[in-house]
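Scrolling down, you'll hit the structures one after another.
Two complexes follow with subunit A in common, the first pairing it with subunit B and the second with subunit C.
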Partner chain A sequence: MIAYVARRLGSMLATMLVVGIVVFFVIHSVPGDVTSALLGQDATPAQIQALRQRLQLDQPLPAQFVAWLGGVLTGDLGNSNYMRIPVIEAISQRLEPTAMLALAATLVAVTLGVGLGALAAVRHNTAADYVVMFIAMLGLSLPTFWLGLLMIMLFAVNLNWLPAAGYASVTQAPLDTLRYLVMPAASLGFSQAAVIARMTRASMLDALREDFVRTARSKGLPERRVVVRHALRNAMMPVLTVIGLSIATLAGGVVVTETVFNIPGAGRLVIESVQRRDYPVLQGAVIVVALVYAFINLLVDLSYLALDPRVRYS
Partner chain B sequence: MSAVALPARTGSSRRGLKTFRRPPVAFGGAVLLLVLTMALMAPYITTSGPNDLDILGRLAPPTAAHPMGTDDLGRDVWSRVAFGARLSLTVGFATALLSAALGTLVALVAGFYRWLDEIVMRVLDGLMALPGVLLAIAIMAAVGPKVSNIVLALTLVYLPRCARVARSAVLVVREHVYVEAASALGAADRAIMWRHILPGTLTPVIVQATYVFATAVLLEASLSFLGAGAPPNVPSWGVMLAEGRLLMRQAPWMTIFPGAVLSLTVLAVNMIGDGLRDAMDPRLRRG
Partner chain C sequence: MLRQASKWLALTVLMVGLALGGVATAQAEPQYGGSLRVAITGDPPTLDPHTSTAVIVLEVTSHIAEYLYARDADGIVQPMLASALPDVSSDGLTYTIPLRSGVTFHDGQVLDADDVVASLDRWRRIGTGKNYLGDASIAAADPQTVVITLTEPVGVLTSVLGWSEGAAVIYPASLVESAGDEPIDAPVGTGPYKLKEWRRGQEVVLERFDGYASRAEEPSGDAGAKHAYLDEIRFIVVSDAATRQAGLESGEYDVNYRAAASDLEHIESSDRMYGWMMRPGYNYIGLINHASPLMQNLELRRALQAALDVHPLVLGAFGAEGVFALNASIVPPEYGAMYNDAAGTQYYDVADQDLAKSLLAEAGYDGTPIRWLTSRDYDYQYRGTLIAVDQVSQVGIDSEIIVRDWATTVSLRSDPTAWDIFIGNFTIAPEPEMIAYLNPNYLNHYEGSEEYRALMEQLSSTSDLAERQAVWAQAQEEFYEDVGALQMANAFLLNAYGSDVHVEARYFLFQAWNTWKD
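Then we have the complex of A and B:
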């Protein structure tokens, strides 16, 4: 088990190195000099030179990469060119709305996805199954931002039930946080619910055909218990994998959803940093997201142990 | 050198026809054909250009002259939707084709030469650990807003996914006796890859390419919505939705129509993808 975790951490490090190389070199291939964006057109050559030195842009690219990587490994993602604060601080200031949105959207996705997927499997080849599968297909096809806009039109503009945009901090007004998060979480979670529902259905259909389900039924267990305790539990392994993988999609979706609902989170920060050409923040945000994603997938793998005692990692 | 014959594929063309007779696939095919026709015939089925301004007629609701209304600059929404289909379909098709072709190439080489496999897999894992939107935004920030750059960015996003699918097929086909036979007969590596392994990997890659088409259309719209996609003069459904977002109260048609056509297009491609997957999966094949 420990050897497995160590091996996975080693492989994660290799993956993160690739992420670092890709992100650094993609962003440093931006044409033009960032100093002109920061200092404006009236800057003197001396000012430009001083700024280039301060940002270490006068160093060769591989040297800049090594310095940046060294910083990343020690938890230093550099400083924001625009906000003049450490990147870590810039990201952590905007993390709460993003974390709350991601959490709420995951909750929507898992509850809806597993529930509807299990229902479709139990009612296989009935109207309920077809309706659920059609909803899942819609979930895969509707752009999250369009769904969000339609929700704003209906629930905020026409019915006036929910706020159209913005965010309230959970530490100051938790009930308002919920009101602000309902629509963003529903629109973001819906597409992931579709993916999870399809996988749950397929996996449940396989599990329901297994001998242990027949045995459980022949023992006279109530159908509800057969479905939940025997079939669903055994069907959850591939579903968990899909949930882990959907985190990356969710992280990308956060950027779009925060724009639609004007949520001042880390996703908005990414877009703002592109507009401001604040590349250290963009690099930092991408690295943090990739790291979170890798850790969540490690946790998903380890959760198999708790879910299925037959799984052994050696 | 005699080529080693692949196992005969009986009934595959009949199965292909049968697939397109299934109602969801037929619906998907019909909608996609309609959108394709709309894109190709855009200059003939619209009454004004997608960038023609009419300030006096701005924010007009749908009428016979403007079936989808006009936007805040008086541009005809229908015309922009029809011309916008060109960008979406071009990006979707080019991304699917390129990422499937390059992904298969990477998978063939990595799956065939085992020493390369580990390195290639780590690189693919690294690329896949980056959320597609973020990677595409970073690439677009680097290369600038051009249609070819959108295709480049999206190909980099989807190539690893196609390569993964193709690689798992390569690993299965590589172990078949006919590949071993070709190798024993002295066939060159390149011939084994192209003639014997490649045909066996095409089916799952084609199915994957269909899904890439659908998600690339969605991702292009997302990028354009965020202002990191289509160049300003090219009509794009994502840009239209970003513009409509600011005028939802006064002109809901600016949001409803482009979003509906975008969703229908993606739904159609997903339905075709599901149909192809079911037809090619022996466990799901009916009849």
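Then we have the complex of A and C:
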């Protein structure tokens, strides 16, 4: 297995290189640069040109690419042109809110999804099943940002139960972190919960029809144990794959959710960097996101080992 | 009779109650303390106005750093760090500026002439100052006096030294030396608030400067006394307009900086908040690219000018009355002296299709589409462009609409071959020489007729107000005749405040000094 992991890590490096090349040239093919955001709209073309020179944006693209790639290979992602701080620092400042939001949203998605999916399967073709499936359809249909805005109107503006926007660091005020994350995590996790619930239900229905479940029941095991220990565990393999994909999808949803709830995370940094044409930050952020995505995929693949003893990686 | 008396008594009690309540509100004593949470639209690119003309930069940094002069509520220049208006020599070349004594920077250094010399020199070197100071000599005559010796008269020098956009803020000489030409991210100034923390992309936190040396005059606009009632001001970056508004309503923020115009009615109908329309805001105009061969056809420009029906265009662009004012004068009325709603304004808002068609025929227009550059990132730009295109199409002018995201739009505007007209908001100033789109170096490349250039040259060397007004009147007439731009309206800026926030004196920019919370 160690050889397998080493191989995967090697291929991840190659993937990162390809991602880096693609993102560099795609970003630079879009018109515009950071100078207008820095100088303000009354800047004259001469001032803009002077700043472009200072930031070396007037250099030929291949030269800029070689300089950037050289830095990346030595672990230096460069400096933000807009914020004038190292890209690593800009991204690391924003990782905590994003990680907490993704974690909380995943918890919401998995808890709701697996719980409701299992319930729907066990209560197949009953009112509970129909209600769960209706909720799942609703979750799939509602845009995340719209659900977020509705929640803000209800829970923040009208009921004043929760803060409308913002974030508190978990290292400074953990309880406030929870208060700030309830709505964004719920709105972001809800749609993924729907996907997971549908997959759990289908997978559980298959498992409940299997011989080993019949055997477990005929042995006189309590129904709860049959469902949780035997059916659900065996149904989890495809569900786990969906959860892995959901986490990746959440990374996309985080961008919108962070904007709606004004969470100063990495997703918002990406949006801001696109708007400002802050190339170094954008390039660095895409590489970090791709790296996280690849790691999650690797972890999901490795987790099959724990769930199914028949799986072997060689 | 008794019932009649009771009615009068009740009415009298009610009137007295209302009067007392009104008086109580009007005379509410300012309170010290508290934190003002201002939801701003984006992270400032810098906290150094020498290096950026972005409005967000000056609105945040005006709390930290000050200039030699400042404008009062009537647009009149008043001393701020200077102790008096400059003594100008009879040839208009030498400005002797006396400084206030006892003014300290946030780091404890005492302001003197060396700080002013170093700051003005830097402002000239890397900021907008080069347009006015050129090769002037800037020197300290003594610790409390600065002398600027110009190579040619600059009529607006005092005005510029008190202008907030790309402001000539005064830093300690030591900071100027250590920063060089790089933007200053930790400014040290003489303002009523000092920088406490700047968490990039999240918030800028200012705290009261206890050593602030306030002027004694009554607060007025940007001038006069500045009372730092609040302990702290937090400029929190909230890019989404709906989130800023929801945060204000839920109590998360105290100020929604730049509320959406569409929220005006809702804000006005609520007792939890109130709106403040900052006038004059921006000039909403059709910027003409005079470097474009098509736009060099004067009769075509006149046809465009004649075809536009301004009110429906601007109303459609902004979606509500009350958030703009039609204005023929290039300098808006709020800026005082140079406002002129007569010169050349017979060409404003003509909306005469027959005239436009005959001008088009004179232009020999061959149907080449006019390229309107716009962005959907700002609705008022896009909608205004659509309406303008529709209006000019009715007189036979073809158009091509180039829609891009904002960053691309800004980039394309710098390319003189990429566009013909751009409709949007542009910053305005009290003096014509300070208005970007009247500057031939700006992206519209407008140089104007020979007579216009001569008038603008004369204006820039004239400091006598009456003479300046007369010269500018002729220049504005020329600008209109030559269709330098498609003048339309002033677009106001709406800020929404929680009802517990009180402001003593207001300016046309956001200020949180002279402001307190219940």
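The criterion applied here is as follows: the second predicted complex is superposed on the first by the 271 of 314 C-alpha atoms of A that agree within 3 Å, B and C clash if a C-alpha of one lies under 4 Å from a C-alpha of the other, contacts with A are read in each partner's own complex, and residues count from 1 in each chain.
We take it that contacts are C-beta pairs under 8 Å (C-beta built on N, C-alpha and C of every residue); 3 or more make two chains touch, one makes a residue touch a chain.
Everything quoted here is computed from the prediction, not taken from an experiment.
In the superposition on chain A, contact of A:Pro264 is made with subunit C only, not with subunit B. By the touch criterion defined above, A:Ser303 reaches neither subunit B nor subunit C.
In the superposed pair of complexes, A:Val157 makes contact with subunit B and with subunit C alike. Within the superposed three-chain model, A:Leu149 lies in touch with subunit B and with subunit C [touch as defined at top]. In the superposed pair of complexes, A:Ala43 makes contact with subunit C only, with no contact to subunit B.
In the superposition on chain A, no contact is made by A:Thr241 with either subunit B or subunit C.
In the superposition on chain A, A:Gln59 makes contact with neither subunit B nor subunit C. Residues 30-31, 149, 152-153, 157, 259-260, 271, 274-275, 277 of subunit A touch subunit B in one complex and subunit C in the other.
In the complex of the two chains, the subunit A residues touching subunit C come out as 30-33, 36-46, 48, 82-85, 90, 93-94, 149, 152-153, 156-157, 160, 163-166, 259-262, 264, 268-269, 271-272, 274-277. Remark: subunit A residues 11, 14-19, 21-23, 26-27, 29-31, 137-138, 140-143, 145-146, 149-150, 152-153, 157, 248-249, 251-253, 255-256, 259-260, 270-271, 274-275, 277, 279, 282, 285-286, 289-290, 293-294 touch subunit B in the complex. Residue ranges of subunit B in contact with subunit A, taken from their complex: 122-123, 125-135, 137-139, 141-144, 214, 218, 221-222, 225-228, 241, 244-245, 248-249, 252, 255-256, 259, 262-263, 266-267, 270-271, 274. Contact residues on subunit C toward subunit A in their complex (touch as defined above): 42-43, 45-46, 51-55, 57, 128, 165-166, 183, 185, 199-202, 236-240, 242-243, 246-247, 249-252, 404-412, 414, 426-427, 436, 439, 441-443.
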